[in-house]
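As written, the chains take the letters A, B, C and D, and residue 1 is the first residue of each chain.
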Amino acid sequence: MARILVQEAGFDVAAETQALQADRTDVGGIASFLGVCRSDDGLAALVLEHYPGMTERALAGIAAQAEARWPLTGCTIIHRIGRMLPGDPIVLVLTASAHRTAALESCAFLIDWLKTGAPFWKREEFADGRERWVEAKPEDEAAAQRW
Amino acid sequence: MARILVQEAGFDVAAETQALQADRTDVGGIASFLGVCRSDDGLAALVLEHYPGMTERALAGIAAQAEARWPLTGCTIIHRIGRMLPGDPIVLVLTASAHRTAALESCAFLIDWLKTGAPFWKREEFADGRERWVEAKPEDEAAAQRW
Amino acid sequence: MKVLYFAWVRQKVGIAEEAVSPPGEVRNVGELITWLSARSPGHAEAFAQPRQIRAAVNQEFAGPDALVAANDEIAFFPPVTGG
Amino acid sequence: MKVLYFAWVRQKVGIAEEAVSPPGEVRNVGELITWLSARSPGHAEAFAQPRQIRAAVNQEFAGPDALVAANDEIAFFPPVTGG
């Protein structure tokens, strides 16, 4: 069972990595992806909204697909919501397996699907007061479809 | 320039991750792979030997290839040598980029090439006293060639 | 029927959530969009470009042909942009 | 010419490093392997299966046809297994 968290608080990458190894010695590799808020074009903050209830279902469903497809010993998805400043961590995906290929592929799969299959929306706030909802990127859809 | 370390000591995943973000807000994603010592078949310890001098050159060369191929904002490779126990971390590859695809792909590229293109050798020591040099896997060569 | 709005769809409609009772001929998501569009200028503006709208029925993504029923939770929102 | 051995190649040869002065007709890695094999039973055993041996000349991977010269650092080892 994957560990799924949707929260305003930040997260501890080291503790989450450690938790995937706790009390077991069959883990050969842990792949991770940490998504971070960039400061493109004078961005002052990023506000992340989601659909409570559906988000957790969608993430659990995506994680279950990964666990069915790759022999994972563990899987963690943490997605923050609320207001992020440039440099703040937004999302963490961790996958652990006996073998590196399963960990690396499932991690890429999860972040690709999470971008297109989980109900989060980003609003950008700029230093000059402008606001803008981030638009979905066709290449994200293409990235998810390749799996 | 990539950060390349070959050392007996362990490493701090959180500090290494943080270092790739220090003083910059153009990092959108950090991919990582952490290789860990498994306890297959009653393994008691893994002893990692390398070719001092050539190892650092080989790792720097592999990292330079990744940096030429993907728009990375940072890249860290730490490979331990000496004696590892089951559960111990062996290798850490971190890649940072504005975009996730560059980070994820370059991280997979680096670990695939590191397995076939850097002069490290693993000797397994078992609880019953047996010793065995790990043999190279044809699938590792295939994984490196796909890039 | 509970209807939820997210992101700029919510901003244009002006509310995050409402309980509605569409007539029996509103059978699917597409027909519900048409019916909701007539409720207010905000609704009309939110649904003005149906290709920009995504929907979920009972917390599962759903296309315009997906059926809707009295006790369903229906959500409308832009294409997702998390991760 | 400095010759280095690693992993089980080192264990079979019995030493990690040696300075050698092969005759002029030893021009490449393959010929050096043949010449080294005659130095001791340990060398012979280490090089008994040339397909299991990899080499580096001056810290770059090198095939059997790679040239070797007096001031080179030549290393012999099994296929690598790091990562």
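Convention: contacts are C-beta pairs under 8 Å (C-beta built on N, C-alpha and C of every residue); 3 or more make two chains touch, one makes a residue touch a chain.
Quantities reported herein were computed from a predicted structural model and do not represent experimental measurements.
Student: Starting at chain B, find the fewest moves between touching chains needed to arrive at chain C.
Tutor: Between chain B and chain C, the shortest chain-hopping route counts 2.
Student: As a test of understanding: of all chains, whose mean C-alpha position lies farthest from that of chain A?
Tutor: So the chain farthest away from chain A turns out to be D.
Student: Between chain B and chain D, tell me the centre distance in angstrom, where each centre is the average of that chain's C-alpha atoms.
Tutor: Centres of chain B and chain D (C-alpha means) sit 26 Å apart.
Student: List the centre-to-centre spacing of chain A and chain D in whole Å, with centres computed as mean CA coordinates.
Tutor: 48
Student: Using the average of all C-alpha atoms in each chain as its centre, how far is it in Å between chain A and chain B?
Tutor: Measuring from centre to centre gives 23 Å for this pair.
Student: What residues in chain A touch two or more of the other chains?
Tutor: Each of 35, 100, 111 in chain A touches at least two other chains.
Student: By residue number and range, which residues of chain C touch two or more other chains?
Tutor: Those would be 83.
Student: So, with touch as defined above, which chain pairs make the list?
Tutor: Pairs flagged as touching, ordered by label: A-B, A-C, B-D.
Student: Which positions of chain D touch chain B when the two form their complex?
Tutor: Of all residues in chain D, those touching chain B are 4, 6-8, 56, 59-61, 75, 77-83.
Student: Within their complex, state which residues of chain A touch chain C.
Tutor: Residue positions touching the partner: 35, 48-51, 53-54, 57-58, 79, 90-91, 111, 114-123, 133-136, 140.
Student: Given the complex with chain B, which residues does chain A contribute to the contact?
Tutor: Contacts found on chain A: 12-14, 17, 21, 24-40, 86-87, 98, 100-101, 103-104, 107-108, 111, 143.
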